[in-house]
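In what comes next, subunit A is part of two complexes: it sits with subunit B in the first one and with subunit C in the second one.
Entry: the complex of A and B
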């Protein structure tokens, strides 16, 4: 193990962000481009003004050069998130959101705020969602036992945040539980 | 905590003594546990280091009494309010209360063992939330050393953490700090 200690326990948020960049997103290109072939698949051709689905990292690159307009994913609008937030605060379980919503929403809000409506409202909604969900995963901690834990709809960033503690404490509990009839 | 031969933690957890009562006279073994006599007499009581106690107890040369960190007094205190018990002062600085408890548990008969296991598990779960809460709080404060909030109760709780809990505390603090940094590093120019 030549990794530094801090990287051994779990994936870091920046790495998750990189992984999230593989997800597909719709753009409206401003430039024409032939079909491009990558290991992950073929994308394009880009023909303005026809919409096209390309990986997020490519969209960000084009966006930085002002060669496209990114269309926000269908879950990234005020009504949808407000609805999820309402469910989040009224129901005991986690509401279903895309697995990588935290990463994607942050990337888009940072890189393409001019393509998205109600940026400030979205930011505050996302923050509220995060806090509501955090308090739920905290409750999950109290219900921890040694063999299993079921927290459906938890998203990748949240899983990553609680991973080191949950793994370690479940490990400790496995040690503390006495398995009957283990006599030599 | 682990059974692994090479686990430093397991070795440290055995850095405790057990009160043993010998059942037989054992010749030429009076030096065990710091005695002066030549022979060990039956019914004599000695503080035996845990690593040695295994052999003695499994070979049925002695009985042991449940050590004070797991006495009924401590168990009752844990039952009443597990957060107010200072585990670290029970097993000494950097001691591993849970590791010690696990070792004792394995030497006990099934009934007592299960009871101890339940005590350990309940105490662990009850204290875990508070540990993570405080870890997150400290991660949010940023660099360590800023004002110590929370008053006496919380700082006493922190000092009372045993070795295993301290490890969890720092794990929680580190991951919270990392996520928080990512969430807050907004307006930096992207690529």
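Entry: the complex of A and C
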């Protein structure tokens, strides 16, 4: 009632996107705007064609009105992601990527494909990365016990994906361990 | 355009902007807006804008802004099995800020002389207000969900009562009372006296009062180097900044409360 059933067990991807949209991103504005005070801070002034850092939601809003060009974050290019993919497929641990890379890359590829170079290549790299990492997190399930599981470099969206299964599994493990200890 | 700066100077009380000109016309309309109870929330008594603004101005610094704090609080609450302490101070500050922004929007909307560019800024401010309202609402609803679920436990446990606000306490006791009454009317009154209770503690059966399951696993993300914690299997874990781990909630509860880790 107070919280819809679908939101009770976990956070949904749309909510993670909402959070990711608070992150700052560089844009080249096409319109001028004076410095304005928002609840999350002061942004502006925008003076074309000087670059400016504003929250992603604001950049998307401007972009939808064709009032800015979004500059892709420095990790969102073919070389960087190719390098991470190589590491991902050759090394056992998760490679280190920005915590909200999945949300941000998806939002940008959806909203501003014309501002980003090599969109198709990026899409396929991101997909490969996702698959490589997904299979690693599935392997991680084998290492799960009742006590602790370290997951270095796992990202927000990936955590959310494995959450229901992992939390439930750990609950079952806890019960299995607890029972013999209490009634020997 | 000056309206914006003036409006903000007035609402923020930061006296850096242009202060000279239409000081005569401005304050009266602002006073009027200030007393309009548009959201029905008793934030005037609760608010303490000084500390709040201090945090808000530090955008450039590494310090967390109130909005970032709110988002962290919201996510912690969503993931934690137990009810976390309410942050009335932060919430009151944010609600007050929302109200002031909304008033500024109203004021500028009603001004027919506002330019195209002005309009566009109003839209952005409005968008942000709506985003933050959504988060506040979701945060409060998450708490209400837990309060409904554990209403009977809350009314019987003084410790948890210190973690919720006065209105949440009232909601919990009301909820528990309605539920008890419902069970009594529908079932319990026709049962034998020995079975007509909702808080029996027979041996070998789980308690009849639902309690938060603190052994449920959570994903934690260390925001700073943390002191070692004792794990259920007896070993200890020392988390560095940025460490992500899946472990039972009770292990890290104190770190969540101290803000050294966040739940993700």
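Simple rule for what comes next: the second predicted complex is superposed on the first by the 176 of 184 C-alpha atoms of A that agree within 3 Å, B and C clash if a C-alpha of one lies under 4 Å from a C-alpha of the other, contacts with A are read in each partner's own complex, and residues count from 1 in each chain.
Assume a residue touches a chain if its C-beta (ideal position, glycine included) is under 8 Å from a C-beta of that chain, and two chains touch if they have at least 3 such contacts.
Because the structure is predicted, anything quoted here is derived from the model rather than measured.
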First, second, both or neither for A:42, with subunit B first and subunit C second: second
First (subunit B), second (subunit C), both or neither touched by A:163: both
Partner chain(s) touched by A:61 [first = subunit B, second = subunit C, both, neither]: both
Which of subunit B and subunit C A:33 touches, first, second, both or neither: second
Partner chain in contact with A:90 - subunit B first, subunit C second, else both or neither: neither
Touched partner set for A:12, first subunit B, second subunit C, both or neither: first
Common interface residues of subunit A - those touching subunit B in one complex and subunit C in the other: 61, 144-146, 163, 171, 177
Footprint of subunit C on subunit A - complex, ascending: 1-3, 7-8, 11, 15, 18-19, 21-22, 31-34, 36-42, 57-58, 61, 65, 67, 99, 144-154, 156, 159, 163, 166-167, 170-171, 174, 177
Residues of subunit C touching subunit A in the complex: 1, 4-5, 8, 12, 56, 59, 65-68, 71, 75, 78-79, 94, 97-98, 101, 117, 120-121, 123-125, 127-129, 131-132, 134-135, 138, 141-142, 144-145, 148, 215-219, 221, 231-233, 235, 237, 242-248, 251, 264
Subunit B-touching residues of subunit A, taken from the complex the two chains share: 6, 9-10, 12-14, 17, 60-61, 64, 106-107, 109-111, 130, 138, 141-142, 144-146, 157, 160-165, 168-169, 171-173, 175-178, 180-181
Residues of subunit B touching subunit A in the complex: 1-2, 98, 101-102, 105-106, 110, 113-114, 116-117, 120-121, 124-125, 128-129, 132-133, 164, 167-168, 171-172, 174-176, 178-179, 181-183, 186-188, 190-191
